[in-house]
């Protein structure tokens, strides 16, 4: 499954907020059409890492390459032009707008033709949105909101999607739906990186797993190996 | 306890509605006056609502934008059309054609001024993560400065646009309608509808609402939030300018405090209609106008500002999210 | 030389009076974060209370329309004008009496809503006093207001009144400082800094806010009373927002929001600028430019130096 060349490389990333450094010397490579999940205890820096490679915060040290092009200090919007989409954990849709207007904002910079093409692609992938197009986004259920948030990011044809806790606060059935959506992404040749609390379920759909602890990467392996690992199981996967 | 509150709430509101209906029945000419004056308030409050709802602070300088636009329009008229005293007025209205030519110019000047003020002042406050109250305080200082500036340049005496006296329209039930007021009301309704359409049907409007919802997410999607905010100021400025000039026409007077004096009813209208909602501002303005005029049928007319104050107070206590069932304030 | 001194004493008196107002505003905004742009309400209430209670009964021959004058100025004890401190306390009391129910109704409101309400109240009170001439003579105003301690004969009475103002200011500063540095004051500061934390730690935030509002209002009332006896003439125009609210805000912004020393310093500085700019040449002495200046001070200090010149510790 691994092609020889990674699509995204994060080298020696050290980052934090203001004076406080949260993560140190993180190295990670993402390969095309794979799903990578980062797990670990609360506050260990998983979210911070995502933010540092999605243009939300600038890393203090280290570099990020997408297809060998240095993108370290680009902001999120500039990264989206490089093919990277980011879905924040909460507040990831526009509640005052309807569903279709949310998607329209997602494709804000596209010309009319491209917008229509991408809109169709997105609605093909998530047909549940089709009959809710004119509903207010604030009336969507938790799972539908996540779907919309993801679709919004997909409007710009990303090759890489980064998701921060996409199943947070959702009931188990909906969690499965969201994870199914993520599998659909992989099927469209999109590379996915996500951070998840629902570690077991997330790893079960992933190719690779990464374990963070206290701001450092402590383990990286095929996802199924991590699932089988007794120690990790006890610590992070609920036994 | 909550149920009781709601019940009491609705009882008070129903009482108010009944009183208003009764008063309108007894003195219908006041109702009509109220609707007309109220639409002037609507004009002013649409712009205020736009800024309050999308830039998330109470712009205390809005009234002074309105005042400044009137003085600028007057000066432009004197300068560009020095003979306007002798020219013809438009139809049954008191104002001259020259005013209609000068009005868009003045509006654009105020719009640009609002944009510059954002760049100089409000953008910096946003960068400092200033609270809504701190920004409102700053706008208060701005209001004082603008008024001082107006008085410095144009003096403290009142002025008025060149005008020709015209007859009122006489209607049954002792209703007299000044044609000017009717014109202003129609303009107010048209503008409210236009802004509703802009906000809800155009991409710019949606981008404005998106920026208002979540500026960070808006930026992620490529919306230039700084530029959107400038648009909001520009539009707000134009709306304030138009309102100011039309109010000056209607009352045949331009004074340095005219904008400041109606700040309370404007805010009341904005809040009644739901902050950020242009149709709400229209309805709110008219309701405020009606309440004020009806009250003068029974109490000393100089107490009108007190009536507006009480309306504001009651709305803030009972329905701070407005009467249109708004999603409410998010800041 | 005499007239310069006379002028200077007058300046000091007004600065001192404004300093009292500013300390009151500091309790509201600097300490507790209450956005009160209706200072004029308490200025007015304090001033009129002092005027009504200390003035003699209305003289119909002079077309005086007010209904009742307290004539307190006749109250002396052993030849000392004890009526004056009584008037001060009465003014404070009336303000507190109005402030408490007002606060209880409105204190739940978000700050900018509170600002609008206080603004509206100030304007409403002004209109009431303009129209209800039986209260305080309407637009004709109350004049010939008695002077405290004017039997002390040292030539220029203003020296005496300056001492009166100074002593009152020191007293106000003293109780404000006590309040600020007390556990009660610390709670207020906590409310301003992070209200949610205060609520979470179980404090009845609303009660504290009402108390702070009442306390600040009382102080402003004292300022109003001082003003009445200093100027000896008040009418509703006196309480227009420019000199009854906005300039006080600029004083607090300049001097230091959050500390009483800064409040006093700001008053003297701003009143000094307000007074002495009238001696500038040509158009620079235009009173309207002072408006612009006051407004700009508020804007610039909010932008660049929100803590003022003397920052709170």
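A, B and C label the chains in the order they appear, each numbered from 1.
FYI, a contact is a pair of C-beta atoms (placed from the backbone, for glycine too) under 8 Å apart; a residue touches a chain by one contact, two chains touch by 3 or more.
Remember, it's a predicted structure, so these values are computed and weren't measured experimentally.
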Dominant chain pairing [most C-beta pairs in contact]: B-C
Greatest separation from chain C - chain, by CA centre: A
Most centrally placed chain - per-chain CA mean versus overall CA mean: B
Distance from chain C to chain A - Cα centre to Cα centre, in angstrom: 58
Inter-chain centre distance, chain A versus chain B - centres from mean C-alpha coordinates, in Å: 45
Cα-centroid distance, chain B relative to chain C, in whole angstrom: 32
Chain A-touching residues of chain B, taken from the complex the two chains share: 203, 206-207, 209-210, 212-214, 216-223, 327
Residues of chain A that touch chain B when the two form their complex: 75-77, 80, 86, 88, 91-97, 101, 104-106, 108-109, 138, 152, 156
Parts of chain C lying in touch with chain B, wherever the complex brings them together: 33, 35, 37, 105-106, 109-113, 115-117, 119-121, 123-124, 127-128, 130-131, 242, 246, 249-250, 286, 288-299, 302-303, 306
Contact footprint of chain C on chain B as seen in their complex: 57-58, 121, 124-125, 128, 130-134, 136-138, 140-149, 151-152, 156, 263-264, 267, 271, 300, 302-303, 305-306, 308-309, 312-313, 316-317, 320, 329
